[in-house]
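Please go over the structures that come below.
Paired with subunit B in one complex and with subunit C in the other, subunit A is shared by the two complexes that follow.
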Partner chain A sequence: MFPTPIQRTSAPSRIGYQVFLPVAMIIWLLPLIAIFMTSVRGLKDINSGNIFGWPTEFKLIENYIAVFEASPALMYLMNSFYITIPTVIVAVSLACLAGYGLSIYRFRLALPLFFLFVAGNFVPFQILMVPVRDFSVRTGLYDTIQGQVLFHAAFQTGFCTLFMRNFIKALPQELIEAARVEGVSELKIFWYVVIPLMRPAIAALAVLIFTFVWNDFFWATVLTQGETAKPITAGVRALNGQFVANWHLVSAASLLAAVPPVAMFFLMQRHFIAGLTLGAVK
Partner chain B sequence: MASLTIQGVSKSYGDVEVMHDIDLDIADGEFVVFVGPSGCGKSTLLRMIAGLEDISGGTVAIGDQVVNEVAPAKRGVAMVFQTYALYPHMNVYKNMAFGLRQAKMPEDEIDKRVRGAAEVLHITDYLDRTPRALSGGQRQRVAIGRAIVREPEVFLFDEPLSNLDAALRVQTRLEIARLHERLGSTMIYVTHDQVEAMTLADKIVVLRDGRIEQVGSPIELYERPRNAFVAQFIGSPKMNFFEASTLSENAATALGITIDESAIVGIRPEHLRVCAEGQEAIRAKLELVEHLGEHVLVHMIADDGTEFITKMEKPPQTARGDYIAYSADPSLVHQFDKASGQRR
Partner chain C sequence: MAYADPPSRKSWIARNRLSIAPWLFLSPALIFFAIYVVIPIFQSLSISLYEWNGLSDAVYVGFRNYVDLWDDPKFWISLKNNVIWLVLYMLAVPLGLAVALFLNQTVPGMRFYKSMFFFPFVISQVVVGLIFGWFYNPDFGIVGAIWKSIYCEEVINIVGNVSVRCSRTPPDILGDPRFATYGIIFAGLWPQVAYCMILYLTGLNNVSSEQIEAGRLDGAKGWRMLRHVVLPQLWPATFLAVVVTVIGALRSFDMIAIMTQGGPFGSTNVLSYYMFETALSEYGFRYGYGSAIATVLFFIMLIFISFFLWQMYKEERRG
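Then we have the complex of A and B:
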């Protein structure tokens, strides 16, 4: 068997493996560990310069509770959900439809249209900062959750469509033709034949877009001003007061903010099934 | 049940015409096989009948109705794909019932039809399985079952056996033949395998480069191929062709034909027989003997380099490189025009 299972290799390479794997993992996780360690320290440690040493006091529960008491963190978290979930739904469903249209139907504009979607991904969105902000102010979408959903969805749909179009293109076309001959309408083919086969793609894309949008700091900063529409990424700053820096609370809030994307991944994991179309053809 | 009339059908992709002026009549209940080398347009023609490809010119009529602009589903056809095209997320039962459910057929009628078809095809035990848990042959039968339950007027098969192994192919071929006998529906079957064509067809349509070369019963095509292409395409191993210069001096007498330079003489491997020296139509050196059990294929090479094959019951008692003399029954000798390929 290749590669040889590690249990059956020679002793030196086995020991090397057992030593270096944990080391590599610790290096990999170092930033996360540092943030976690900061999030359980007291303010005293940080002020006295004990940033990387062993904490003098453990304030795990106190700090994490303080996050919710010292700032509207719960509201920020909810805002993040209100922004992210609709964006994922809108972007992925639009992409499914557009991808289906672009990959299945032969029409003159199919390819130029597809390239338009692809090209959209190459525009660095930072250069759109000022026009988008002006536009959102003029349309009354500035500092609203709807506004952020709309702009996120608009920016993500291009990439999603590229992803979906290529995925559907790789599905066996005979399945669609077979359904057509059987008299199934185009929309029902999409719903009953194509969507079930796209499950892995939808799951992958949903996780990806969820993470993108949840972790977004840029648009959250550009498109919001007050507290009411801020997502958690932009909101954690509020924990640092004007005069005091509460890095232990910022760390705790950051870790809390990282939980939903991770949860999302595990939630969607069972849908990542390779070879879903196995048995369809040949 | 329906007949099918194809009149002046052509197909173009952009400026390139790939099918040219196809005329074909298919009678009600007939089993028609489209056969030809790859790229000859046989699948395209089938897909035009199914409605999966636009028809660029001419008309296709099923029964009395011209169906050029009719959606695939409304044509009363069912199609079996080479790749089976089973819905992988549905079990066998749902695969067969899907089209009927979409057509809003009553559930008990669907059940009756699906179970009926499953019985015929011996897949009753697999109704709950998904396609991935089936073997190739079982999948193919599900695909056929999915066509049967719709009770179509015309069955369309697009190379349904080419993904099966040899033994299964023979068995499934037989099942399709039985199915045709049982249902009596019109069936159109595409294949590149001339054995399938010969065994299944009432009528074979030989296509090449988007044109029909010949239409006829299997035996007609075998015995009286209209041109050199059909002659070589039908029959295995293919027909041997000889130039006049290759043949012996007394070939005209031996074969009972007049030989001139502008003609090619065609003799099938199974029709060449060993004869006494001096009476032969052709004399050549033994090159190779292939043993196939029931018969042997003897590869010969004439002095001018022309190679040909003969099919014999027993291997010749001749050493490699020695000469053998052959002749053939005059009634089994074909002649084609060298320039046009047409039969003389």
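Then we have the complex of A and C:
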């Protein structure tokens, strides 16, 4: 193990490490701690300039209720769920199929098509912006939840296919060969042999895509106009304008936007990290 | 050959099932990806040769948009800022490695610490931008507060009113063209370091302990051990960290939109934001000019994408 395990070092450095670790963590998370503390403050503290000291009153519940009452935050949150969940289902399903097609069969275009998905996943959003927006306007998908779902699902399919293809490629190919010799149809091999083995990859992709799409801001700005189809990221920005100088409400709204992906991360940590490393670093 | 099935007795589908099947599996993803990603790229390349406001008919202007770009100071500022972003964002890679090395210990509660350090990556950049924008605020932010504790004192005048007098006014980081871009990048590094850290932590798990022990026997330790024994084994993690950081730097948009909207005086613009601002400008859309900016950004990105694909191709060959 590198660096040298702390247990094998001298007592002072062992104790020093144990003490410094929580201190370092608090410094690292200071921005989040500060915003959380602000979100529980009352207006009195904000007005009197007590922004970084200890709160004189705790208004956790009142502030969060105020955000929901004074703004369409609840609708933004629901929109985020309506956009994110269908996107995850569509993108992961399509990628299971495509990844299987690209990894199990030997045909000349397999590698170029795989690279097409990889490259498409890395292009700057701006090169897609004008045509995608124009397409959405012409098909009536502009400023709708469905319009955002369709785009995100299509775009994320690139990343998901990259992931799935590499995952299936690493599975024991003899399993598939054996099933084929038995005369099992291709679709049945996919469904009964491969899908059960793909469960960890599906879980990893689901949490990862959930976070990516939830945190999207660019496409929410480009593909929506009014309030009805805005997700929480774009909503928080709108609220920031509405709650000028009401830092406690802005903070509460921002934290609300962060809760679902954070919960997702803590519940599915192992899968999340496996997904982030593209399975390349195990 | 009597036991082999005569080809004619099987249907065409049965005979060719291994060459048809991949296309059946691929077609939904391919069609979808083509409509929303592949075709729009080519459309953008073509739109960049037109003048078009999205409403009336597009007018073909050849390469005029690119000629205009060449003479557009805002374009050069954006490009310069993109380079600054690329260079400074790369700090996330060594910083991520440093944090990972710091956390690569087995003490009680380490899992918890690791997830807390990873935390910033999970939250939206919009939120990160809001937090730091508020931190930098000279009147209400933490920068202002620290500044005041050093350079300011409270003065009570004869009537008894309290006022604050400062020997130096606190810096308005996001309002000053000299500092604004660096302020945004600093905020952006926070989640990016967390990302690189997690890549390295998983990589460090895989480093062979025999080689480390062998290195220790040979008297290598500290920096030499890191350079000659550990880093070579971390190459997959480093490669991935560089790729995601380059892409993150060139894609930077959310935090600029939240923190400065390209200002003050366009000094924090990058190509991605300038493109958005131009194409969907409040003074009338300029789809053609915007697409020309996007095309430039696309080709910059393409250099990195090609390099990445080339590495993957070599890997495929080996595998």
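Following the convention adopted for this analysis, the second predicted complex is superposed on the first by the 243 of 282 C-alpha atoms of A that agree within 3 Å, B and C clash if a C-alpha of one lies under 4 Å from a C-alpha of the other, contacts with A are read in each partner's own complex, and residues count from 1 in each chain.
One rule holds in what follows: a residue touches a chain if its C-beta (ideal position, glycine included) is under 8 Å from a C-beta of that chain, and two chains touch if they have at least 3 such contacts.
Here the structure is a predicted model, which is why all the values come from computation and not from measurement.
Trainee: Based on the superposed arrangement, let me know which partner A:V250 touches: subunit B (first), subunit C (second), both, or neither?
Mentor: second
Trainee: Give one of first, second, both or neither to describe whether A:F217 is in contact with subunit B, with subunit C, with both, or with none.
Mentor: In the superposed model, A:F217 contacts subunit C only, not subunit B.
Trainee: Given the touch rule stated above, what does A:I15 touch, subunit B (first), subunit C (second), both, or neither?
Mentor: So A:I15 meets neither subunit B nor subunit C here.
Trainee: Could you say whether A:V193 touches subunit B, subunit C, both of them, or neither, answering first, second, both or neither?
Mentor: The answer is first: A:V193 touches subunit B but not subunit C.
Trainee: Have a look at where A:A178 lands relative to subunit B and subunit C in the superposition and call it first, second, both or neither.
Mentor: First partner only.
Trainee: In this superposed model, does subunit C or subunit B come into contact with more residues of subunit A?
Mentor: Partner touching more subunit A residues in the overlay: C.
Trainee: Can you give me the overlap between the subunit B contact set and the subunit C contact set on subunit A?
Mentor: 276-278, 280-282
Trainee: What does subunit B use to touch subunit A in their complex?
Mentor: So the residues of subunit B touching subunit A come out as 50-52, 71-74, 77-79, 81-89, 98-99, 102-103, 130-134, 136, 139, 146, 150, 163.
Trainee: Of all residues in subunit C, which touch subunit A in the complex?
Mentor: Contact set of subunit C toward subunit A: 17-19, 21-26, 28-30, 32-33, 35-41, 43-44, 47, 54, 101-102, 104-107, 113, 115-120, 122-128, 130-132, 134-135, 140, 142, 145, 190, 195, 198-199, 202-207, 209, 212, 221, 225-226, 229-230, 236-237, 240, 247, 250-251, 253-254, 257-258, 271-272, 275-276, 279-280, 287, 290-291, 293-295, 297-298, 301, 304-305, 308-309, 312-313, 316.
Trainee: Given the complex with subunit B, which residues does subunit A contribute to the contact?
Mentor: Residues 172, 174-175, 177-185, 188, 192-193, 196-197, 276-282.
Trainee: Mind listing the subunit A positions that touch subunit C in their complex?
Mentor: Residue positions touching the partner: 1-7, 17-18, 21-22, 24-25, 28-29, 31-32, 34-35, 49, 51-52, 94-95, 97-98, 100-102, 104-105, 107, 110-111, 113, 115-120, 122-132, 134-135, 150-151, 153-155, 157-158, 161, 186, 190, 211, 214-215, 217-218, 221-222, 233-234, 236-237, 240, 245, 247, 250, 254-255, 257-258, 261-262, 264-266, 269, 273, 276-278, 280-282.
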